[in-house]
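Before I ask anything, let me first share the structure, which is written out below as structure tokens.
First chain written, first letter: the chains are A, B and C, and each begins at residue 1.
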């Protein structure tokens, strides 16, 4: 479904991404891991169009999306959540998700109908599946951090994506919240047939749900493979797992 | 209408001389903008006070010496006014958001504007140039006012003075540093509030100098603050925010396009500089030279 | 949505106020009626600015230009063309919106501050042209004695006309802000990066917001001409743009009706202070300083803070 080939991106003289390769098959759950500064977030920014690549190809469903602006890429079926909570703090929880749903339904430019009557069912069902139903009317800025991270993902779901990209979805969460969130993500992937690409620092999560793991270091892909392949790879052991 | 080279050159020089006044005023505005990060809307009003004060001081002394004295005293008066405003009110707002600072300068311009009306009345005033600078000289056969020649000489002197100040004096260097990174300056133990005060007063002083210099060339009226501030602000924008040399470039563009406008289409002379500003901003939205931010 | 409005507790109060305003010309002195009408025009202008700044998050620094353009467009149509008068009334806002679209198109390519500065320069250019074009626009004298259709020629009838148009525009603005477009616009204000990631072409929405806002500013310009029967270049000058900004600030940016309050206060102050002293700008300056020092949330924000202390906490927690 998604193919990244020899992707490169530099900022002034710093090579943030220097030859990244990634393959994500339809319906798979793929994790990207690597030490801090390895270029994971930059990679995600490149895929979603927030940054323009210098070189390399990004192919989604057979199409090179490297030159498209973020809103076009979203319309192709890719949605993402952010590592640092990036919601609409002044809107309600319902409103936050609704923005995405309306955009997906191409009804965002509707001028004269009250928004509160539009796309209500779809928005409610997303809130329900994320466990946020009872918080629909709260102002997003007033939620706890953990709830905001869940809202992060809920907004991304509003676009009914085919590929969902999660940037450290459980960062800053307690162990129970982390467990719950990842169960949720796995369930959603099954129910909605989502393909998931995520990055995490918590190895337990990565090893428990990822089917394929890509390891990055200094902006380069060291290897992508199954859990065992990655664990047994010498380079990975040196660079990252500390030679276990 | 045909113009010979003499007229064109004279008009160019007139443009340059007017640019010098604009430069002095804009250098002050740019300096404050760079250090405090806000445009001082009262800058135009302070310029106006400089002009009115020059009128009064010139009248107090017989003969030409009045003007020379005014050239020194009027800007100092303006600096004092700005210092009072800063110490009594402005300095309490430094922690607030920029919008509040901007509005304060607007409120100050309203207050000072009416104070000018109270002190000097609503009719226009005029100041004549000192004897030494009256009349004109001949350049290539066309006549060129002596006063404008004086302005062309004064401009670069002020530019050099400003350059020396910002590059060679301790206060100047600190101000420049504060413009670029005020937190760092604070961390180094320097009282940032004083830096702001000094920058503000010096900027306003320059506005006063501009007002004093412009006094013999225009009728001194109550609306001059409003027209000046928009021109000065646009000049500072096209030059690059906070950049002194940018203020010079911007002023030259403004003054010269205006004077050529006067030559070729006098009715719409004022439109030419605005068109030039729009063109610059469309091509280089952040200004021609590097801004301090 | 209308059911909610009718049942809300404010409806009675607001309805009462409207009825009072409607019957006002029957018993109030002429001058008072005139001032109210002026407040309506200014309120509409301030509301239109709030749409693009408060709800859209754009640095619309020279909004007055669109007001002035609307006013001049209708003035020129009524004095220089032989088209039917009511046609001029439509031309005003449409021309304002077109100029808004053109200026907006250039400005949205830039961010924040630079958006504002380009707009100031483009607006000032328009001012300079109008200011000097004696033959066409009357130059610095402006145009006076503009004829009006007899239906709205008297003070009272123009009062009603202005009030009705104001109410219609307010209802339209309310509907637009509560519509998906309005919500999306506010979302672009709060987090344009996320909007892009969610499939929204932010610049297109910003431009849309500008066109809507400048259309209403043009309507306000038309209403001004109906009331004053003249236009002058000050309508396009930066001072007016800054004053409208201040009205929104005084009234409170993020509320729906705040700008109306700001406009009312400013016009009322200017008129009543002006009766006692010719130095009303001095007083205005002093009041502005008092507001800056003591009411940072604006007058409406201050009252909201009194009634709903919880809301303030919420935004502060959100910030951390």
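Here, a contact is a pair of C-beta atoms (placed from the backbone, for glycine too) under 8 Å apart; a residue touches a chain by one contact, two chains touch by 3 or more.
These numbers come from a predicted model, not from an experiment.
Of all chains present, the one whose mean CA position sits nearest the global mean of protein CA atoms is C. The pair of chains sharing the greatest count of C-beta contacts is A-C. Remark: subunit A and subunit C have CA centroids separated by 42 Å (rounded to whole angstrom).
The centroid of the Cα atoms in subunit A and the matching centroid in subunit B are 53 Å apart. Spacing of subunit B relative to subunit C, judged by their CA centroids, is 32 angstrom.
Chain contact summary for the complex, subunit A toward subunit C: residues 48-50, 69-71, 74-75, 79-80, 82, 86-91, 95, 98-100, 102-104, 107-118, 139-142, 155, 158-159. Remark: subunit C residues 1, 175-176, 178-184, 186-187, 190-191, 193-202, 205, 208, 254, 313-315, 317-319 touch subunit A in the complex.
Within the complex formed with subunit B, the residues of subunit C that make contact are 106, 110, 114, 117-118, 120-122, 124-125, 128-129, 131-134, 237-239, 242, 246, 249, 278-279, 281-282, 284-286, 288-289, 292-293, 296. Partner subunit C is touched in their complex by these residues of subunit B: 41, 89, 92-93, 96, 99-100, 103-104, 106-111, 113-115, 117-118, 226, 230, 233-234, 237, 267-268, 270-271, 274-275, 277-278, 281-282, 285-286.
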